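In what comes next, subunit A is part of two complexes: it sits with subunit B in the first one and with subunit C in the second one.
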Partner chain A sequence: MAELSDRKHHDAKMRATIHQKMVETGEKERLKELLRAKLIECGWRDQLKAYCKEVVRTKGLEHVTVDDLVAEITPKGRELVPDEVKKELLQRIRAFLADQATI
Partner chain B sequence: MEGLLTTVSVDGSESIENPFLPYTEDVFNEVLDEVTLGLCFEIHRSCKIGTFFLDEVDEDSQKDYEIVHQEGLDVFGNPPQKKQLECVCPNCDRNLAASRFAPHLEKCLGMGRNSSRIASRRIANKVESDNEDDESTDLSYNPDRRNTKKKREKLSNNSPRLKSKFSKNSRNGHNNEMSSGIDAAGVIAYKGSNSYRLETMTLEERKQLLMSTCGVISEHTKKMCTKSLRCPQHTDEQRRGVRKQLLTPDSDARTRFEGGTGEGDEVQVDIDSYEDGDGQALRDTLSRLQYEAAPTGSTNPSPADSTSTTHSNDGGGSKKRKKSSKLTQRKKTKSKTPLHIQIPSQQGYDALD
Partner chain C sequence: MKCPHLSKFEPYTKRQLAVFANKGKCSSCATEGPNLWLCLQMGCGNLGCGEAHSDHSSKHSNDSNHALAINLSTIRTWCNSCEMEVHPFVQSTIKNVKSVNQRDRLVKQQQQSVFRVDSPVTQAVTEFEDGKSPRGLTGFRNIGNTCYLNAAVQALSNCPPFTHFFLECGGYVKTERKPYIAKSYQKLMEDVWGRRRPSHLTPSSLVNGIKQVFPMFKGFLQQDTQEFLRCLMDRIHEELKEPIPPHLCEKGDDEDEPSGIVEKPVTSERVRARSCNSISLTEEEKLEPESEASMREKSVGSRSSSQSPPPDRRKGNKPRRSRKRTVSRAESDQVNSPTEMNNGGDDEDGDGEPMIRKPAAPDVNVFKKRPVQYRSIVSDVFDGRVLSSVVCLTCDTKSKRIEAFQDLSLPIPVGKEDLARIHASQQNMTSKGMVSCVDTTNSQGWTSWMYNVLVSWFWGPKVTLEDCLSAFFSSDELKGDNMYSCDKCKKLRNGVKYSTLTRLPEVLCIHLKRFRHESMTSYSSKISNYVKYPLEGLDIRKFLDKDCSSEVTTYDLNAVICHHGTAGGGHYTAYAMNWLDEQWYEFDDTFVTEVSESQVADAEAYVLFYKKCSDETIKMREKVVGLCDEQESLLHFYISSQWFNKFQTFAEPGPITNNDFLCKHGGVPPCKSAVVDELVTKVPQTVWECLQHRYGGGPTVTHLHVCKTCQEELDRLQKRLTEEKQTFIKFHDKFQEEVDETNTIYCISLSWFRQWEKFLNSKSTDFPEPPGPIDNRAISVSKGRHTKGAEIGQISKETWEYLYSIYGGGPEVIEQPNNVVNGTDDEEEEEDEKEEDKMKDARGDNEAKDESCSEEEINEEVVNKENQDSKL
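The block that comes next holds the complex of A and B.
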C-alpha cells in the first residue's frame, strides 16, 4: 500500500502545483468568474437558493450556520450543474493545463 | 519546448505527455466549490439580517395593496385631494404651510424689510402699549410711563407739521441744542429732556410743547392733542384750562420771572416779535398761567376744564418763541431746570371766550 500513499502524495503534490500555477497566472479568478456567470445564466443559482430555503426552513432560521449550509449545498450544487457548462469549463481548464505542461 | 500531443478527451484520460490532465475535473470541482461557497455566504448573511424571506408574500396581504384601477381615484384608492404641503422651519422647528413659509422665515430670522420695521415699532411701543392714534400722534398723559425717547423721535419724524415748526424756531435761535432737539423730536424741544411724559418733562419743555400744540388733554384717552393751536376739535377754553393745569409752578418757578438764576442755566428770551397772529391771545394766557398756576395734583387730566383762572404772573408774560434774530441769550437747559423767561412787557389778559 505504499504505492497508494505514494500516489496520494503524488496527487497532492500535483494538485498543489496546478493550484499554484493557476493563482499565479490569474487563471483561477478568470475561471471562477466565467463559471459564476454561466451558472447564473442557466438558473443554477436560483435553483440552489430555493433549495437553501427549504434547508433553512427545516433547520430553523435562527440556528442555521455556514457549515451546515455548505455541507448541504455543495453536493446538491454539483448535481445541478448543467452539462454544457461543465463541458465548457473543462475544456478551458484542459487548455490551460496543456499550456502549463509545455512551459 | 516539444510539441506535445495531448489527447483531448472528455473523461480526461491520461496522457503521458501532460501530467496535469487527470486533474482537470478536480480543478473544475474546486472552482465550483468556491462558487458554491460564495453563494452560501450570501444566503447565510441574508438569513441573519432578515432579508432571506423578504420576497415572500401571502395572498391576503397582497390583495390589500393591489393597484386600484377605478376612475376618479389614484392607484392607492384615494380621491384627488390637494395635499397641504408642510415644511419645517429650520429656525423655530415649527410645522408651516408651504405658502406661508417665506414670510414666516422673514419674521423668524429677523431679516427682511418688514421685520425691521416691526421690530423698531415694537421697541418704540414697548413702554406705552397702545399709543397710536389714527388721527394724530398724541402724547400720552400717563404718569406711570417713562422714557419714551424713541417714541418721541419717531413721533416727530412722522409729523412734518411739528418738525417744521420747530426747525423754524431753531434756525432763528441758532441754538445748537435746540436744533438738535427739535429736529429730532418736534414735540420735545429740549435736548435735555428725556421723556415725553408730561409728568417728567420740565416746565420748560411743557411750555415749549404748549406753545406749539393745542395740548388739550382728551378725557377718554388721557392724551394731549398735538394738533395746531387752532385745532377745531378743542376750544380755547380747553386749552387755557390745560395750560393752567400743566404749568404749575414748582419751586423753581418762583425764581423765574425775576430773572434770578435757577439751578442750571438760565434762559432769557427776548421777544420782540410775534411768530404769527394765530392764537396770540391764547399764548398770552398761557404764559401767564404757566407760572402762577396753583400746584395741582400730579396728574389730573381734566381735558374739558374750561376754568380760566386769571392768574397773573409777576411779570405777566407771553411765552413766545423767538422767531427773529433779535433773540438775546437763549441758553439751553441741560437739566430739568425751569425756563426763565423775561418778558419785557406785560400783556393784557384777554378773555378768549
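The block that comes next holds the complex of A and C.
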C-alpha cells in the first residue's frame, strides 16, 4: 500500500518535472507550433470547421452557445486527428525525454 | 487503423454517463473518483478506478477481456487491447445521427405513410397521441414594444391553414428577395413547433426583416398590430407569389375595367382594399370633379368618406401618416386611380425595385402585356372578394365592382338608434336592406360621440359581432356631400351603395375599428366597448351574394388579438386555440397560459381570426387515412404537397393543383427537379381517385420526369442571352472606337434598355420575360425637347438594327450626325467619354444605378448637340 501511494506521488512529481522542463527549454512552444502546422496541413482544421458550421446550422444560430459548440465538436476533433500526426508528436516527445534523461 | 473492438459496445447516453460520474464508485475498492472508468462491454457496467488510484479499471479489462472503457470525467474512451484512444460515440456527420437501422426504418415509415414522417406536424401529432403535452406553446420575448408583433405572430402561428404550409411545404418557400421574410417566418415556426419546445423565443430575425422592409417599424415605438399584419402578409405574398396559369384565373376580377388597364393582379387589389375600404382618399379629394377613374373610386370610396379618413389605429400618439404608401405597390400597373397613386410613390421593397407606372392611355394596347394574376399561401388563406354595387336612385342602373380583401375592418356601432336600425335591417338583409346605417363614430364630432358612449354605458345593449358585420355590409346612402356620379345620367345623383361577399376566405380576419383619429385636432381615441363574438358557429350566410362561389359559410374562432389600454399606449396579447389539444391559451409576450373559453369570450377583441369549418372535409380526411391504411397499391400517384397540405388544413381546398410542381409541358421544370421530393406527396391509387372525384383538378401524374422541353428551352435561352450580350458588346465597342462623325447615331429609350439588360442578366433557372418591342415613344415625342425624365442611350446604327431585328418596336429616333465645330473638340471628347462611361456601365453587370445620374448629362449632351447643329 505504501508502495502504491509512493508511486502515485512519484508519478505526479515526474509529470510536473517533465512539464517544467518542456516549458523552460521552449520545447512546448515548438511542439505546439508543429502540431498546429500539421493539423492544418492534413486538413483537420478545415474538416472541423465544416463540422462546426453544420452544428450551428442544425441547431440554429439563435440557439447555439459557445460552450455548447465546444462540447459538441471536441470529441469530433479528437477523432479526426490522423494517426500519423499522433505518432509524430509522440516521437518528438520521446526524443525530448530521451535527451533530458541524458542531461 | 481502426480499432476492431468498436463493433460492439453499450451505447450509453450522455445522461447515463453523467449519472455514473456523479454517483459511481469503483466496483473493487469503492473509491469515488474523479477519473473513474466505465467498462463499455455490452451488459457489463463495471466501474474501475484509474491510474491515480489502484487502476482497477485496467485490472478488470485484462481479467475479463473487455477492451473498451470510458473515462467518466473526460469522456474519452480507451481500448485496452489496441492501447489507443478510440471514439465510439462520434458520428461521421451530423446528418447520420441515426444509425443505419433507424434510417431504414424511417424510409420504410415514409413509404407506408402519406404524411411526411419528418414534418413537425406529424411529429407533433404523434407526440401528443403518446401523451406528451402539445407543441407550440412558446412565448416571444418583447424586444422593445414588439408586443404588436408577438401577438400577431402567435395568432398566425396557431392558424393551421397558414402555418402548416411553412412547416410541411418548405420546398415551396422561396428565398429570392432579401431579407427573406417568408423564410424568417418559416424558421420561427419550425422553432415554435419543433421538437425542442423552448418556453420562449426571441423572434429577432423576423423583427429585423420587417424593420428593414417597412421603415415605419424601425425604432421601438408602439405600433398597431393590424397594420403590422397587413405589412407582413403583403410582404410574404410578394415573396411567395406564383402566377396562376391562365385557365385557372377567376373571371370576376376583370369586371369593370376601364380600357387600357394593364393589370389587375390580385395583390394590388388586395392591397388597395387593405381593410376593404381603407382606400385612402381624403374627403376633399373625392369631391373634386372626377376623371373616369376617380369616379369609379367615388362609388367605392364613398364608404370611406362616411367613415373617418383612415384612422390612426396606432397606439402611440403619432401624427397620422399617409396610408397611401401601402396603397401604391411595386406592381402597380394599377391604373384605377392614378390620382391617388401618384403620391407616396416610393418603392416599398427593401431591394429598391423601381415602380413602373403605365399611364392609362387607350393606345397602350400595343405595348401592354397580358394581365397576370398571382396567388400565394397568403392569398389562398386570407383572400376574399366583396362585390360593391351602387344603384342610382334616378335611373336605376347598377354599377358593380369587385374588390379583394384580406381582412374586413368593421365599424363598431355605438348608441341606441344605430343598433336599433341595424337590428331592423338585419331582418331585411335578404333583400339587401336599403336601410342605411351611417357609422356614428366617425361622422359626428367627438362631443356627440362622447354622449353616445355615456348613453351606451347606461343603457348599453350589447353590441355583437353580427351587428358590426351588418353595419359594414348594410347600405350607404350616397347623397348630399356624397352624391354619386351616374354614368347613364351623366350627373350627380342620389344613390345607394351596398356590398355583398362573393368569395369567402378560408380564414376570415376581422378587424374591429376601435381606434379613431380626428384629423383636425390630431386627437386619437379608442372605443373600448365590449363586442360580443361567438367562439363557434359564426354564420355569414346573410351577407353573401347570390353568386358566391364558396359552399361553406360557417366559421369557428381560431385566435383573437386583444388590446389593453388606450389610444395613447397599451399592450397587445393574443388568445389562440392550440390545434393539438383544442384548448385555449393566452399568449402574453413570454407568458403562455391555459385559459377557459369564458375568459376568451369576455375579452376585448381587436382582431379576430375565424376559420372555416366543415364536417364533410373532416370526414374526407378520415376516409383518406382509411384508404391509405389499406393494402399497398402498385401504382402510385403524385399530388402536390402544397395542395395536400391544404386538404389537411382547409375546409375548402379547391381543385387539385398539380401544376405547382409541373411545367406547362407536364414535366418537372429543371429548376425544381432537385427538390421535387419535397414538392410532392405519393398516394395510392384509391386515394387519388377519391380526391380527384371530390375536388377535381389535376393533372394526373404517375411518373416524375424532368421536362426535356423546358431544359432545351432554357439552354436555348441561355445561348440567346450570351449571344445578344456579346453581339451588343461587339457592336458597341466598335461604336465607341469609331471616330467617323458622319455616322448616324440612333437613340434608344433607356428604360427599355434597362429592361433588356435585366433580361440579359437574369438567371437561367427561371424563365425570364424578354422585354417587349422597343419602346421609344417617350423619347420620340419631341424632337430635341425630351419628355421630362426620359432617358436616352446612344447606339450605333448597327446596334439599333440588330436589336430591332429581334424585338421590333420603335420608333426610330436618330440624332443628327456629330459635326465638329471649331473649338468644340474638347467638349466633344468629354461627351464621348460620358457616353462611354454610361454604356460601359450598361455593359457591365451593374444594374445601371448610375444611369439616373448620367441622365442629366446625356440630356445636356443632346441639347448641346442640338445647339451645335443649329449653329451650323
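We take it that the second predicted complex is superposed on the first by the 83 of 103 C-alpha atoms of A that agree within 3 Å, B and C clash if a C-alpha of one lies under 4 Å from a C-alpha of the other, contacts with A are read in each partner's own complex, and residues count from 1 in each chain.
Keep in mind that, in the parts below, a residue touches a chain if its C-beta (ideal position, glycine included) is under 8 Å from a C-beta of that chain, and two chains touch if they have at least 3 such contacts.
Note that the structure is a prediction, hence the values are computed from the model and not measured.
Undergrad: Scan A:60 for contacts with subunit B and subunit C and give back first, second, both or neither.
TA: In the superposition, A:60 contacts subunit C only.
Undergrad: Counting touched residues of subunit A, say whether subunit B or subunit C comes out ahead.
TA: Touching more of subunit A: B.
Undergrad: Please indicate which partner A:36 is in contact with in the superposed arrangement: first for subunit B, second for subunit C, both, or neither.
TA: So A:36 only meets subunit B here.
Undergrad: Could you look at A:78 and tell me whether it touches subunit B, subunit C, both or neither (first, second, both, neither)?
TA: Both partners, subunit B and subunit C.
Undergrad: Check the residue A:18 against both partner chains and state whether it touches subunit B (first), subunit C (second), both, or neither.
TA: A:18: touches subunit B, not subunit C.
Undergrad: Counting contacts the way the document defines them, which residues of subunit A are shared by the two interfaces, the one with subunit B and the one with subunit C?
TA: 11, 78
Undergrad: Considering only the defined contacts, which subunit C positions touch subunit A in the complex?
TA: Touch residues, subunit C against subunit A: 1, 51-54, 75-76, 85, 87, 89-90, 93-95, 187, 191, 196, 198, 201-202, 204-205.
Undergrad: Write out the stretch or stretches of subunit A touching subunit C in their complex.
TA: My answer: residues 4, 8, 11, 51, 54-55, 58, 60, 62-63, 75-76, 78-79, 83.
Undergrad: Considering only the defined contacts, which subunit A positions touch subunit B in the complex?
TA: 11, 14-15, 18-19, 22, 28, 31-32, 35-36, 39, 45, 48-49, 52-53, 56, 61, 64-66, 69-70, 73-74, 77-78, 81, 86-87, 89-91, 93-94, 97-98, 100-102
Undergrad: Quick check: in the complex, which residue numbers of subunit B touch subunit A?
TA: Checking each residue of subunit B against subunit A gives 1-2, 4, 6, 8, 10, 12, 17-21, 23-41, 43-44, 47, 52-53.
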